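Would you mind keeping the following structure in view while I ask a few things?
By letter and in written order, the chains are A, B and C; residue numbering begins at 1 in each of them.
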Amino acid sequence: MKNTRFMQRRLAGLCAPFALSSSAALAQTPPLEVTASFSILGDLVRQVGGDKVRVRTLVGPDEDAHAFQPRPSDARDIGASALVVVNGLGFDDWMTRLARSGGYKGDVVVASKGVKTLEMDGHGHDHAHDHKHGHAADPHAWQDVGNAQQYVANITAALVAADPANAETYRHNAERYGGELKALDAEIRSAFAALPAERRKVVSSHDAFAYFGEAYGIRFLSPVGVSNNAEPTAKGVARLIGQLKKEKIPAVFIENVADPRLIERIRAESGTRVGGTLYSDALSASAGPAPDYLSMMRSNFRTLHDALVAE
Amino acid sequence: MHPVPPPLIRIENLTLGYDRHPAVHHLSGDIPAGALVAVIGPNGAGKSTLLKGLAGELRPIGGRILMPTLPPGALAYLPQRGEIDHSFPVSVFDVVAMGLWREIGAFGSLSRTQRQQVRDALAAVGLSGFESRPIGSLSGGQLQRARFARLILQDAPLILLDEPFAAIDSRTVDDLVQLIVAWHREGRTVLTVVHDLEQVRRHFPTSLLLSREPVAFGPTPQVLTPEMLARARRLSEAFDEDAPECHIELPEDTPSLAATAHAHHADPGHAPAGTPHRH
Amino acid sequence: MTEFLISPFTDFAFMRRALAGCLALALGATPVGVFLLLRRMSLMGDAMSHAILPGAALGYLAFGLSLGAMTIGGIVAGLVVVLAAGLVTRASVLKEDASLAAFYLLSLAAGVMIVSLRGRNLDLLHVLFGSVLALDDGSLLLIASIASVTLFCLALLFRPLVMECFDPAFLRGVSRWSPVAHYGFLMLVVLNLVSGFHALGTLMAVGIMILPSAAARLWAKGLPMLLALAVLFAFGSGVAGLLLSFHADVPAGPAIVLVCGVVYFFSLLAAPGGLLVGRLPVRHHLKS
């Protein structure tokens, strides 16, 4: 009836200012304080949380989580956070201890929960200072973009639980970002699949790329064990050089936190190309090629791919 | 009339000490060239300190020491044995050869003549055959002989010896005293800190009796009298923590104390040889 | 036999470089280590590895992760610490160990503070310390030059240095070389330590200075023999350690130092200056 529709429109017009003002009120609530252990995690949280969260990262871009020395201000800041996100798998156990000592009472979100883990190859890993030898899990799960999707899912669930009011936003962001992750994953897979199997081998100084290798079919060889601190043996170096020469490995990579001199030695003697920098444990500075997770994975992908494709 | 030769060492109102406490207090005197002086006194009397001051190891806290006619490097000083590292792997020959430093310097090598000089010096002290032995294998007496051999090679006109006979066997002491007497005959000036008063009486023509303040300085028979020795013994060994500042200034024209050239006669009515006085 | 001993070096360039590095260290750092040992300063190496931190930190602040800048910074910091400690030892009642300890601790604290103020968490000292298997041209050149400079200076300063160790009072009396010998020696120590750290890491640099010297001391009576034997032990341990690392697949630096240790233990037992000599029965003593 004409009257009802008129009335509906009048009512809608009356309600509009209220709706506007209530959303303005909502926009004024302070963002959720989240602390993440290292730069890669920090970026993922930011992607899901958007402007509803304020993320602080303890181990920043280009920094080495092994050598992290927390300051009293770090403990204080974590204590004041609403949410703490760690990688888990022995990578950042110190974070949980730091959070508790700073007075954080909530749940510590383990981003890697549910991920199918790989084992390390027997050498001790220095990330976890109190881990047992032998069959510890390799913590670098984020190197497989598929796992990153699991990380995002865990982070989303945690944000939703901590801040239900913004659940919609979080889920929306997660879905959008998840789509980007999926696309990248597919892109990498197809690009490497196109290469012949005997080309898909590289040497890198940091054994942090097991997940990448497993997911995308690349064999990563290294002169030392998983940790930065393990000492090289002459036999190991000799074996590697022999292998590089014999199997004509296309490329050798320098990691952004390890000592490049050993890599350079191996490269000079075997004639292998130095392919560029791979980012394993940390994002680059914002002006660099890997300021966020997607860029980082894309950068690694491009670097590897270009090196392997070239003659 | 013979012109009086200038003294080799002139000491003017010298005060040497540690931490502002004087160990040698207001000493003045002349030591002529060629003198053989025994420095004696009770423990803590400042004897070693005086030698350190003369050798340049200690800066005076008052007064001064003048050696105008002495060319640089012409002073040989033998301190007590404390700073030597006995376990250092160096041979007796190498240690003694260092006496030739003034000739060969830090880099020069030894000529054949010089090597023979080293061997001769070792023979003079009774250490022939010890050339290649490590210095750490020497006994106390043998080590002191080696140091004297080094002194021989230094060939210095002025020789200062700080307690050279401490804890040494008597045969070595006798041999070393003979060396000192020989130096005196060669015209060198030797100051030696000695404890054995018999030795002083027998071999040293001049004595300086120190008890922080100078007590007596002159020919040995006149210094080593019971009254002088008794006065010296009244020294207090420890520094007085509450001592006031010392403001004794000696008059400008204080003549020198008696030296052997002036045969100064002490008589009972006369003030003791050590105090300032007019001739 | 040659297959075992020679072919690792003929087949691989990195092994030849490592061998050259060991030779340079044995010729330069080990003689310095002999004198350190004789002057009772053997623990200085470890102290110095901490003392160089503020220099390396400042080099890093100014030039980023440039190994050259950090090494030079480390050398400067090391020299400052060592010369200041030397000055304090000569001019005050404190002895070598106290004055060095005071300065190296201050230096380390300053270094940690500089690094943390800047906010970066890089493990600077870890980046600064190399490995014998990773000697690039720059590092080899560095340790070879420092070995040459050291040999030259030791030859030049030999007499004053020996006198300064044995009878410093006498040296003071006859010459003015005493402070030159003292400070010159300390500077050589710093140069050799820092270049050793840069090229080979703390363990190996200090290990190859002190262990062969200690072993040689047990055998030699005179100083020239002591030096020669120490250098021989050092280089021999280097070769043996590299071969061990090659055939038994163990880390190279520690292997070299452990071989030095084996030589040391053997010397402790068998040498005339060692443990057993006084205790075993003697068949016939000599007539004179």
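Note that a contact is a pair of C-beta atoms (placed from the backbone, for glycine too) under 8 Å apart; a residue touches a chain by one contact, two chains touch by 3 or more.
Bear in mind the structure is a predicted one, so any value in this text is a computation, not a measurement.
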Chain nearest the global centroid, as defined over all protein CA atoms shown: C
Chain whose average C-alpha position is farthest from chain B's own: A
Geometric centre distance via CA averages, chain C-chain B, whole Å: 43
Whole-Å gap between the CA centroids of chain A and chain B: 81
Chain A residues touching chain C - in the complex, by the definition given at the top: 59-60, 63-64, 66-69, 71, 228-238, 241, 257, 259, 261-262, 264-266, 268-269
Complex interface listing, chain B residues touching chain C: 55, 57, 73, 75-77, 79, 83-85, 88-91, 94-95, 98, 101-102, 105-107, 132, 134-135, 150, 154
Parts of chain C lying in touch with chain B, wherever the complex brings them together: 38, 156-157, 159-160, 162-163, 165-170, 172-175, 177, 217, 220-223, 226
Complex contact set, residues of chain C against chain A: 8, 11-15, 17-18, 67, 116, 120-123, 126-127, 130-131, 133-136, 139, 242, 245-254
